Amino acid sequence: MLINSPETVVADALRGMAAAHPDLDVDVERRVVARRDARDSGRVGLVSGGGSGHEPLHAGFVGHGMLTAACPGEVFTSPVPDQMVRAAAAAHGGQGVLFVVKNYTGDVMNFEMAAELAGEDGIQVEQVLVNDDVAVTDSLYTAGRRGTGATLFVEKIAGAAAEEGRPLDQVAALARKVNECSRSFGVALSACTTPAKGSPTFELPDGELELGIGIHGEPGRERRAMMTAKEIAEVSLGPVLEELADIGPVDAPVLLLVNGMGATPLLELYGFHGEVARLLADRGVTVARALVGNYVTSLDMAGCSITLCRADEELVRLWDAPVQTAALRWGR
Amino acid sequence: MGALTVRDTQFFRRWMAAAADVVRREAARLTELDSPIGDADHGSNLLRGFTAVESALASEPPATPGALLQLTGRTLISTVGGASGPLYGTLFRRAGKELGEAAEVSDEQLRAALQVGVDAVAQLGGAAPGDKTMLDALLPGVAALATSYRAAADAAEQGALATVPMQARKGRASYLGERSIGHQDPGATSSALLLGALADAAGEGS
Amino acid sequence: MLINSPETVVADALRGMAAAHPDLDVDVERRVVARRDARDSGRVGLVSGGGSGHEPLHAGFVGHGMLTAACPGEVFTSPVPDQMVRAAAAAHGGQGVLFVVKNYTGDVMNFEMAAELAGEDGIQVEQVLVNDDVAVTDSLYTAGRRGTGATLFVEKIAGAAAEEGRPLDQVAALARKVNECSRSFGVALSACTTPAKGSPTFELPDGELELGIGIHGEPGRERRAMMTAKEIAEVSLGPVLEELADIGPVDAPVLLLVNGMGATPLLELYGFHGEVARLLADRGVTVARALVGNYVTSLDMAGCSITLCRADEELVRLWDAPVQTAALRWGR
Amino acid sequence: MGALTVRDTQFFRRWMAAAADVVRREAARLTELDSPIGDADHGSNLLRGFTAVESALASEPPATPGALLQLTGRTLISTVGGASGPLYGTLFRRAGKELGEAAEVSDEQLRAALQVGVDAVAQLGGAAPGDKTMLDALLPGVAALATSYRAAADAAEQGALATVPMQARKGRASYLGERSIGHQDPGATSSALLLGALADAAGEGS
């Protein structure tokens, strides 16, 4: 691993971010990455965070038109409430703050505590829970669907709305709508190696893959023999489209994220995207916008995930709105 | 358990020192357990937390058992993160609150306080016995405190072992469905270690 | 591997690129990716290409302010002259075409043949050879220094000059200057797996690394025991700075590329960047601009490379000029 | 080598068919050889090239040996890429040009033409004998054509084996410096296979 020590990985990365992005306010000690122009902006602040190891999520999405601040925790470990409160303070422009929380027990509990504390500090806080992963059944027998790729859609679209100056309740409502309209499915071709453990999180022999993985190096719901990119696209898209069918008409346009888990070469990811695009076309699904790349990753895991978001005209317009962050940039 | 024994702040300090020691010794194993059914961080999470607790107790020594447990809880919340941070943090904070400002507490008061703490964990996490979580060690462990510290540690250890055949319904392991069966829950394991540390502090080490 | 078959990898990826980037003219059959607005643009055309497996290089850099066209070969295999000629034709806006050629025997020979053929078709062609890798001694006993990270600097800066409407000789001269002012060094923490071979290109046990690698999965000049990020930054920067000392004053500003080889998590890469930035500061080197990410990759290789380019004000200005491509975007 | 034997277009067609066959059979090994000291593509490069040559010869059958070798060379240049594409392409193209428009050529004419082709490879690639390239098989191989096709194939094979202890000075393997020693050059190996295919076509297979 390209690290100094497992204990310093996150601080070291933040130091590097500070060096690479002088336009960002990076507090290495207190682990907050924030826009410099948040205070008294008169805009709603958008805060997200979670365990590290999913880069560029979230710190790479701090900037014009997206997050106002991010609070990266240890690798695969939710940040602590103190950190979240500091991020909220950094993001507060006088109009309150929206927490974008991926649905994991730790994230949910820590953000909940932080919301309470920030509220006590006089910051109005709303929360949106992202839970898009169809590999997990949302039932009494699980911790509920995980938050994965849809986080990017929520952060981008809510960020655009905040940038437009919309009030907290509207930004929060939009964020929830994006989440409700989004579904994901992920596949691992290899495990990943966390700095703390130093070896792969699970054994995956060559020639096998894991279907229905999350973004924390955990195995999926099912192990299968290796498949072609086309077959992987089929098994991944199937459950996503099935759940989306409950949400709106099949032929309504979608935003599409074809996401690499970290170690899948872009060459392969584009090839995979080609298969996904073809399958969607075959089924009459219109792709309004597509994004291909490593955005919501799991350290050095090889694999991919697909996220679809049913997007009406407003969502597409907000998706197209200018964004200027370390990892996502367009417009303006 | 001698009904007349009282526990002073020094006792709680010994507990936390023993807890930090055992977490240091067992961190790698806890992370290893968190690997097949979790995200391979439980050991490093607790190591970070209990190391911070050690410094906090050293730099602002609390005067009472209640204050000590509350500081422990607050420190865990502020440094651990993940699921175990708020859960263990709440356990100690609520138990500490329950102990109030007494300079010494009886074993029964401690048992009752820990029971309140464990109930708060159940409340916060929404888990029930059998869900393959730390509760499966904490509940039998704290119940056995009525017998002795040693009995509590042993019951928690049994509870942790009993998580192996369970299918997880809470936390990350629940994502695996049936594939979570056959692995010991890391949080239940660390709970047993913490109650083992309590037995050590009470001179009832194994 | 996330592929359909080794034989179709490149065509599949191009199909995916076409689907993801409707603004690009992607000829899947003939393997050319081009801007749509090149013809009769009155601007110099900038063409590059090489083996695939280095994505986003080169096709990801086609667009406003950078390449006019790219011609991706098979994985790690130089494209063929026919393809290069087609790319030249697509890029020709009436003012001739500059070929950006990474210094590898195959690339050099194929581009040489293509230049001849394009010339016969009436397209004025200049070539710039990129050879920045200090791990290889440029002597009679080698094929000369390899072209690696500096390719990005050359393409960006020459692209900006072409966008400004400068004539071919000036664009070519600038490109050569950027190359002459650039030096790189790369390190592998793992080998990579080519689709054709299906297994790692060399054996690298855990706990060891290769110093002085190129971008084709070949081993480096030397194998060493694993080091910390800080130590890797030191051994990599040493030879780069040494060679740069021959080019200009130590304290002249540089452009810095901290590049991932494909499978190194961004978390680690930023940490590594932090060490590089600190070392440069210690040595009095001013970093005018830094870029951190996976840009010139070697499939799923874990590792990193450092490229420095001594940049005068003009180069920095051209670096800052707007660029809108799939993989590199800023300004405007 | 019978001095009076003449080789018609059919003979060259057999050569290329045998070449395509052996490349198909040996592609994986060539890629494997290109792995420790190269970029693991030599086998797939030649497979692509000679498969294309087969189709080209089938779809626009050349009338003369010279035209056949030229079409082979052009096809390799248009389909192989890498270093071996232009090099092998030039070898066949120049040899084909050298044969002119004759309907049949003598063994001596073929030898002389291949010598011109090999010289063109040396010129284009700038490699010398001992640099650990295809030339180390091609030069002794084509020289031994004066004896027999079998002798040429054997000499090329020996030349390929002799690349093992060499330190590469051209092509990718040269980047490795001394670490290139101890590996057989993939291009020299494929050159030996191509001359082996020629011996097969001449009925002098091993």
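Residue numbering begins at 1 within each chain, and the chains themselves are lettered A, B, C and D in the order written.
We take it that contacts are C-beta pairs under 8 Å (C-beta built on N, C-alpha and C of every residue); 3 or more make two chains touch, one makes a residue touch a chain.
This is a predicted model, so every value here is computed, not measured.
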Contact-graph separation of chain B and chain D, given in steps at minimum: 3
Chain A and chain C: spacing of chain centres that average the CA atoms, whole Å: 29
Intercentroid distance (Cα basis), chain D paired with chain A, Å: 53
Chain A and chain B, separation of their C-alpha mean positions in angstrom: 32
Residues of chain D engaged with two or more neighbouring chains: none
Residues of chain C engaged with two or more neighbouring chains: 75
Arrangement of touching chains [line / ring / star / complete / other]: line
Contact pairs between chains, per stated definition: A-B, A-C, C-D
Of chain D, residues touching chain C in the complex: 31-32, 35-41, 43-45, 48, 77-87, 124-125, 167, 169-172, 174-177, 179
Of all residues in chain C, those that touch chain A in their complex: 1-5, 8-10, 12-20, 52-53, 55-56, 60, 75, 189, 228-230, 232, 258, 262-275, 277-278, 287, 290-292, 294, 297, 299-300, 302-304, 329-330, 332
Complex contacts: residues of chain A adjacent to chain B: 6, 51, 73-82, 104-106, 109-110, 113, 135-136, 140-143, 146, 194, 196-197, 201-202, 214, 216-219, 221
